[in-house]
Every structure is written in structure tokens, then in C-alpha cells.
Amino acid sequence: MTTGTGPGTDAATAGYLLRLGDDALIAGHRMAEVVTRAPQLEEDVALANIALDLLGQARPLLTRAGELEGEGRDEDTLAYLRDEPEFRNCLLVELPNTDFAHTIARHLLFSCYARELYAALAASTDDVLAGVAGKAVKELDYHRDHAAQWTVRLGDGTEESAARMAAALDAAWPHVDEMFTADPVISAAAASGAGVDPAGLRPAWDSAVDAVLAEAGLHRPDLPPQAGPGGRGGRHGLHTQSFGFLLAEMQHVHRSHPGAAW
Amino acid sequence: MTLTGTAPAGPRQRFDAMISGEERIEPRDWMPDDYRATLIRQIAQHAHSEIIGMQPEGNWITRAPSLKRKAVLIAKVQDEAGHGLYLYSAAETLGVDRAELLDLLHEGRQRYSSIFNYPTPTWADVGAIGWLVDGAAITNQVPLCRCSYGPYARAMVRICKEESFHQRQGFEILHVLARGTPRQRAMAQDAVDRWYWPSLMMFGPPDSESAHSGKSMAWRIKRYSNDDLRQRFVDIIAEQVRALGLTLPDPDLAWNAERGHYDFGAVDWAEFTAVLKGDGPCNRQRIEHRRAAHADGAWVREAARAHAAKQADRAAAREAAR
Amino acid sequence: MTLTGTAPAGPRQRFDAMISGEERIEPRDWMPDDYRATLIRQIAQHAHSEIIGMQPEGNWITRAPSLKRKAVLIAKVQDEAGHGLYLYSAAETLGVDRAELLDLLHEGRQRYSSIFNYPTPTWADVGAIGWLVDGAAITNQVPLCRCSYGPYARAMVRICKEESFHQRQGFEILHVLARGTPRQRAMAQDAVDRWYWPSLMMFGPPDSESAHSGKSMAWRIKRYSNDDLRQRFVDIIAEQVRALGLTLPDPDLAWNAERGHYDFGAVDWAEFTAVLKGDGPCNRQRIEHRRAAHADGAWVREAARAHAAKQADRAAAREAAR
Amino acid sequence: MTTGTGPGTDAATAGYLLRLGDDALIAGHRMAEVVTRAPQLEEDVALANIALDLLGQARPLLTRAGELEGEGRDEDTLAYLRDEPEFRNCLLVELPNTDFAHTIARHLLFSCYARELYAALAASTDDVLAGVAGKAVKELDYHRDHAAQWTVRLGDGTEESAARMAAALDAAWPHVDEMFTADPVISAAAASGAGVDPAGLRPAWDSAVDAVLAEAGLHRPDLPPQAGPGGRGGRHGLHTQSFGFLLAEMQHVHRSHPGAAW
């Protein structure tokens, strides 16, 4: 289904890729923030690795989104020159690194989702997306294992670590539902075969997360989904309060040198 | 009657023979206490330099001006963490452990390279560090690939390979800036101006005042003098800076056909000493950043230990219950 | 024989007479327990709203896009802190203290206005809050200047004066944006779209479901019903939005010549209830920010107390030594 | 002494005003960061007040600097569109708000300096500067008293508060000398009568600060001045590592909307 405005363009798939690309870009940014601040050197290496994988997913997704959009925007234009309301990532990935448990909780919940998503997207009708997905699913296997192992260590570690891990899950949990909620763009992409309906990924996610929580001796938080104003959230460009500060940091140099090459 | 090669010599003789025969000393080999102590000090300082060295560049990860540069920069900082890991492992073969060495670093009782006490106020500093600081590091480190202590030499082989890649990336960053907008070009020149002299200081004090060099040379840990290495580095960058289309901030820099080398100006050793003593622009901040990361992570490392102990207990209980 | 005006009436009679005579009740006057409790709850909630209300706008102080706007914004947030101070003082005249009330806020046992649980994702939100949120607050609060409880009424006089100034500033921010670049105009419209309905909710549930209104009206704390005030507000903004050149996101908004008022659409009370219950976009964050500031400042308040105690001891010792 | 390049311009005085304006702008920014996060509501009010005073000083100083520079830069152009190396504030004012003691220590050391400076500048040959200074000196009397009172409360409070206050003084102290060091621009302004040589303000500063420290039971830190690379510091545009993040936050919205009015 080509819904774009010019030859070779496809607005629905472009919007879908923007959602995927923004999820990876922002998840990667948060992960990269921890590098040089990790609890041990091995984790500086591991978190840098995860950040690199996510950035490596974001770049072709954004590039492809720009191509299908057909307005001449490349990966850097999309990352550096959009305003906050134009970012389409889900809110989960932008939650701050309050402590290491928050970093792990966020990435556990996200990677369990993204892993299932990319497994399904390997069959996307968009060749570029299918290619990215095929590679990403292996990377996300590793991310998921990494987050799961730390969730277990922290949940089954000391009293303090278990309390911190539980608090971190509480902070992230209200943002889970958004990942599985299709908006019209996602539905259109799913209908065309370029994307998938995320609701179908929920059972696999539930059992993956439940297994990790059980091994960690942690409970599934009993918290309702976070309601955005008028039901709007990250997919509509309405973000949490820390996101503007993230963007200010990320975009400042690029925006300070209009038109420059790097 | 000659015993060479057949009768068991004393350990000291064996060690000396291995050194002079350019053989590698391995962890299980006997070695003199001061050889061991010198290596521990040097490898630890080198490891600390890698992890402190993550900060000046890590400072720019979240602000890198393009996604491609951001990816390259994250990979570079990750490599530095990896180098730290190799080097702490190499030090551990000498009977110390990483936690101990980190404590010495955090308490200011072991050093790291003073170069990392300079700030990185602009994006161009990432380029200048790659080109000049990694360049100087490679010049220093290539001879260490033939160092007499096996684990250290092998770590250096891996490290040097990655660092020459980093140096090329730094050069490329500056190259793009130097050909960019006037503001980008000014940024590049300013960064080179700030990093040039400190990079020359990375080779250590002049030979006339170098404390540890004699023994290190004899033990084949070190193979060239500080001044020789510094000259080698100047000869390289004095050529490369032309390809960049930038200049080095040294009015005395000039080719000396007679010596077959570049002459260069006098290094300000007073600044070197001040920064070494702790009065550099970022000394406090670098150590504070490390201490904070280590302290903030204490509960995580503690949790990992507690979990491992519980796992072991559970395994033992399962074993006993069979 | 009539005693009116001469013989000492019982306190309850005196109180009732003062209320019906539109006299002000002052702290030392007798008052019924539930009048006191109602006022404490209302004034505390109002004070909490002022200090929680500092956050959505305070979020933009460091990023305000011009120095003039930044100065105006800092002054506004400062006024809100000042309003908090007046109101906590007014509550203290009823026999509670600020520390106690803050604890109740931090523990989630007293409320603040739900409006502050909405986020401020763009600069235009600062304008929309000024225009709509302060506008609704003034509509609510002007009648409170004639509230039967003296200290609360006097605090409201000062507050209303400052808030009408804030409302004009908010209007002006939106006015500039609406006439600015297409991106600025879109930002302004988006903010108005997001704040319109929540601002209508600020007047509380419909009269048919309002719990506390009856008594408050009788006691002359409240003078108009929620729905009356909401209508008054809609009538004002429906006119002002034209001057802005923006629109309100309500397809049912239309002048009703017969009623002499604007008709408007149905408020989504389910959303109101959800946000009130704690499931709004920023409930957790707002309380967490307050708790963190309070907890981070504990050592400072403790130090101030310790110093004051030492000062008092020293003064006493000097006195004794004379 | 007019050193500008066009009629009515004066480059030396412009540069001098930029130094003063940047000191006030950045000191005010750091103070404003604390608003909504102060230890008690009275301090939210007081710190906002100080931030407003400083911003109120910065604005006419930057405006006047732009006029004398003669390149058409107004206060917003100077605040929002300069890059880090173009900011000329001393490093002291940019130190982060690590805790309330750091906020107070920074502002004690700065306000004791700025108060003496503006008292002298009330006699500046530049009428605009003289006017700003006359008003500022009264504001800084209040700032100095506020910082002094808190230094005494914290120094003479609990063991914890005394330790924190001492640590905060240690962090700020290496940046004291820079305030009293003239560079060629400052010397030229002092020579012309527009500015003053800050070295002359040191004795008054020393006695003011020593008196506060004595009352607080605190010692003057025994720490050498912070050496910048090649002897360069804030007056040369070489800043501490946190400054770039401050600028990113401060400038992001303005830079994101080139040419827009607000």
C-alpha cells in the first residue's frame, strides 16, 4: 500500500519507521548516558555495546523513513532538527537513568518487546526494514539476556538491590501498554505488511518478562497505564518532562552550526 | 667444561638470560621484586589512564553533532574501557587485583596520564585528542609491544591496533572541520593549539631528568628514551598538520636537514609539574567522576556478589539433597 | 424583651451572626470545628497548588527563549512561592503548621490542584498556563477575596492582583507566538488544545456531584457554584481566543443569545477522576520533585535550627555571665 | 579612550561589559536552576530574587556591550547565539549546584567581589555602566548578606553542614584569583576610566570573606588557584566541563527557531 505523495514515497511506512527509529535512537541515547558511569568496567563495555547496537538500528531506520517520506530529510536532519512534538518514540525509552536498576528495568521491558517486534519484522514487505530487523533480533537477544541477568542479580541480591529493582519496575511499568498500542500509522503499516500490530506481541512479552521476574523473586507491579493528556503519549509527540532536556543536549551542537557538515 | 644451556642456572641468571635473549617473561617465571613492582606501577598507571581517558571524550557522546560521529565516538570510548580491562588483567598476572588498584587510583595514590586533566570544551577536542593524544600514545606504545613481560606486550599489540584506528578517526574529524565553515575551522585550530604542548608532555620529562628510565631500559620494558620518542612524534605530526591545513602553535618548529628531524620549541615543564601535582584544569573532576561512579555502583557490585553466593549455596544444597 | 445586640450571645450564635452579617471571622474568634477543618483543607490544598504549580513553569526557566521572557518567568514562579507562603501562613492561623501540611502533601494525604499534573512539553505551555490556568484560578479566586475567614480573604486579595498580571503575561506570550513563525503558531495552538479542557476541570465537578459546596456556600467561603464559575470563565476565554487568533478545541462552543452565555461541550469527567486519583501524566513526578527537594534540604533546615539553638545558648550564657 | 571601529563604538569597553554581563548572566542562570528545589520555600523566593537581580544586571550590560561593539548584536543574540569559547565569564560563576552549600559558597565568593566591583564602577565614565552599577551595588549588598548568613548557619550548624560548607568552599576557592586578574581588555577599560582594575578590590574582598568565615567557624581553604590550559580560563573563553551542558540547555529553544521573536 503506497500512501506517499511522490514516486517511491510511502507516508504510512515512513511514519512507522520513524516510530521504530525514534525508539532505538532514544533508547540508545539513554544507554549511552551511562557510559563512563557504570558500576563496573565490564558494564561500561556492555552498555556502550547496547547503545551502539541501538544507534546502529536507528540510523538505517531513520534514513529509510526519510527516503519514504520524500522530503529530503536524512538521518541527521531527523535526529537533530526535529522539535520535541515531532519525536514519535514511546515514553518508556526516554525514562531517565535514576539509578542502575532504572536503566536495567527500562531496558528489560523494552528489549523483551523489541526482540519480539523485530523477530516479526524480519518478514516485513519493506526490504530495508526486514534487513535491519534480521540483524536487530540477534542484538536484542543479547540485550534481553543482559537485562534479564541483571534483573535477577538485583532482585535476588541484597535487600537494597531488590528494593531498588522493584522501585525501578514501578517507575517503568505504567509505560508498558503504550508499546503494544497501535495508532493509525502503525495500523496502516501493519495492514500493508510493512509493519506488525504490536498487540500480537504481548503474550510473548508477558511470558518472557514473567519468567525473569519469577527468577528474580520480583512481583509484577500492580499499576495502571500512564494516562497522557487526552490519551496522547509518545506516539503522538507528547513526551515526559525530562525529554526536552535530553533533546537540548543531543541537538545543541548540531543546531548551533546550521548547514555544517561533520 | 661449559654449562650453558644444560645445567639449571639460578632464577636470577635465568631471568637475566631471558631478558638479554629477548625472550618473554611469563607470570609463572621468577622475576626480581623491583621488576615486578615497576611493571605493576606502569601497567596500573596505563590501565588507569585508559579509564580516566574515557571521560574527556565521553563528555561529548550525548552531544556529538552527527549520528555517524556519535557511533564512532561511543565505539572509541568502549575500546578504552576494553583496554582498561586488558591492562588490569595484565596487572593481575603480577599478583595484584583490580579492586585494589582502583582503590589506589581513587585515593590518588596511583597516577594516570596527566593529559586527561585537560578539558574538552568543544567538539573539535574529540578530533584533537584522537589525532594528537592517541598519536602520542601509539608512538609511546608501539615499542611496548616488544616489552619483556609477556602479558603486557600482548595487551599492547591489541591496544595499538585499535589506537591507530582511533588516531585516523581523530585526524578525519579535524580534516572535516578544517574544511568546514569558518567557525568549524577556528574550533579545530583552537583545539590543536590547546592539545599540542600537552601531547608533547606525554612522553615524560626530558631524558636528563627521567627517574625510572635506566632500569626500564635494561629490563627491556622501555626501549627508547623519552626525548627520542618525543622527536619521533613531532616528526610525524609536523608533516600531518599540513595535510590538515592547520598549524601547530610552535614558532620554533622547523625542519633541520642536518639532523634529519624537526626542531621544536621548549616544553613548559612547570605546567607539566603543576598538572602532575594535581593543579591541572580537571584533576579533581576526573577523580571525582570515577569515585562517584564507583561509589554509586557499590550496591550493584554488592548485589552481584550476594546473588552469586546464594546461587552457590543453592547449588550446594541441591547437591547435598541428592 | 429582645436581647439582640446587648446580652452576650453564645459563641455559635455570634459566629452565625457574623457570617450572615458578612463580617470577617478572625483567628481568635470562636468557630465551629467543621468550619475550621474545611478551611484548613481548602487553604492547604490551595497552598500546595501554588508550590506544586511552580514546577510545570519552573521547568522552562533555564530554557526560556529570550532574556526578557526568562525574567518574567522567574518572577512569576517566585510569586507562586510567595503565594504559597501567604497561604501556609493563613492556614497556620487555624492551628496547623507548615511542616505538618508539607508532610501531608508529600505523603499524598492532602491534595493540590490536578491541573499541575499535566506536562509542559513546549515553551508555549508557559503561555497557555498563564492564560488559561491563571485565568481559571482568578475566576475561582476573586470571590474568595470576600471569603468569611479574614486571613484567607486578605491573602486572596494580594494573590488575585498578582495573578491577573500573570494572566496578561501568558496571553502576551501566546499572542506573540500566534503571530510568529508557522512553527511558533502551531506550538501555541497545540498548547491551547491541551490546556483548554483541563482548565475547565479546575472548577471542580458539576454542581450535581459537588460534595462540599453546600456548607461552603452557607459559610460564605464559596459564593458561586462550580458550574457558574466555569460558565463565567468560558464566556471570557471564548472572546479572548479571537484576539489571539487561535481556536479552542471545542466544536460545541457557540454563543447562545437566549442564555446570554456561550454553550460549550461536555467535560470528560473520567479523565478528571483519573488524574485526581493519581494516574495523570505527571502526578508521580510532581510529588517526587517536591519530596526530593524537601529531603535534599533536610540537612540545611537542621543546620539552621542547630545554629539558632547555639545562638540562643550563647546569648543566655552571656546574659548569665553579666 | 575610544578603541572601536565605527562612530560610537568602543571595542575595549564592549569587551569589558561582556565580561561583566556574562558573569551576571551565568551566575543568575545557576541561581535560577535551584528555584523549585530549595531547602525551604523562603529560599525559593530568595534565590529567585537573586537570580532576577543578576539577570536584571546582565541584560543592560549585554545590551550596552552590543551597542559599543557596533555589530548589531542585542542581549539575546549575545546570550543565545554565542558559542562556548565566546563566553567571557569567570569560571567561579559557572560551578554547578552540587548541593545548597555549593550554591552558597559560590555566591558568597562572587557577591563579595561583585559588590566591591560595582561600588567602584558607580563612578565609571560609561554612563550606562555607572547606572547599572549604582543599582547593582544595593542588590549585591543583599546577596552578600544572604550568602553570609547561610555560610554562618551552615558553618556553625551541624557537623554535617559544617563539613559540606567546607567542601563547597574548597571546590570554589581555586577560582577566586581569576576574578581579581586583569586581562588586556580589563586593563584597557580600567585605563580609560570605564572599568576598574580588579586587583585593587582584593583587600576589601579578603576582609569581608574572612569576617564571614570567622563567624562561621570555617577556615580559609589552603588551595592554589586553578591553572587553566596554557594559563587560559573563563576570560579567554576556556570553560569548565559543565559549562557546555549549561549552554545547551539555555540556548536550545532559541537556536531551534532561527530568527523568531518571542
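We just call them A, B, C and D in the order they show up, numbering each chain from 1.
By our rule, contacts are C-beta pairs under 8 Å (C-beta built on N, C-alpha and C of every residue); 3 or more make two chains touch, one makes a residue touch a chain.
Which protein is which chain? UniProt says A, D = Ring-1,2-phenylacetyl-CoA epoxidase subunit PaaC; B, C = Ring-1,2-phenylacetyl-CoA epoxidase subunit PaaA.
Quantities reported herein were computed from a predicted structural model and do not represent experimental measurements.
Steps from subunit B to subunit C, taking the shortest chain of touch contacts, total 2.
Distance between chain centres (mean CA atoms), subunit B to subunit D: 38 Å. One simple way to say how far apart two chains are is to compare their mean CA positions; for subunit A and subunit D this gives 41 Å. Touching two or more other chains at once are residues 83, 244, 248-249, 252-253 of subunit A. For subunit B, residues touching at least two other chains, in rising order: 63, 183. The touch graph of the protein chains shown belongs to none of the named shapes. This structure has the following touching chain pairs: A-B, A-C, A-D, B-D, C-D. Against subunit C, in their complex, subunit D makes its touches with residues 25, 29, 32-33, 35-45, 48-49, 51-52, 55-56, 58-59, 62, 75-76, 79-80, 99-100, 152-154, 156-158, 160-161, 164, 249-250, 252-254, 257, 259-262. Interface of subunit A with subunit C (complex): residues 83-85, 171, 174, 224, 226-230, 238-241, 243-244, 248. Residues 59, 63, 118-122, 183, 187, 190, 194, 197-198, 271, 274-275, 279-282, 284-285 of subunit B are the ones touching subunit D in the complex.
The part of subunit B that touches subunit A in the complex is made up of residues 51, 54-55, 58, 61-71, 74-75, 77-78, 81-82, 84-85, 88, 98, 123, 173, 176, 180-181, 183-184, 289, 292-293, 296-307, 310. Residues 83, 244-245, 247-249, 251-253, 255-256, 258 of subunit D are the ones touching subunit A in the complex.
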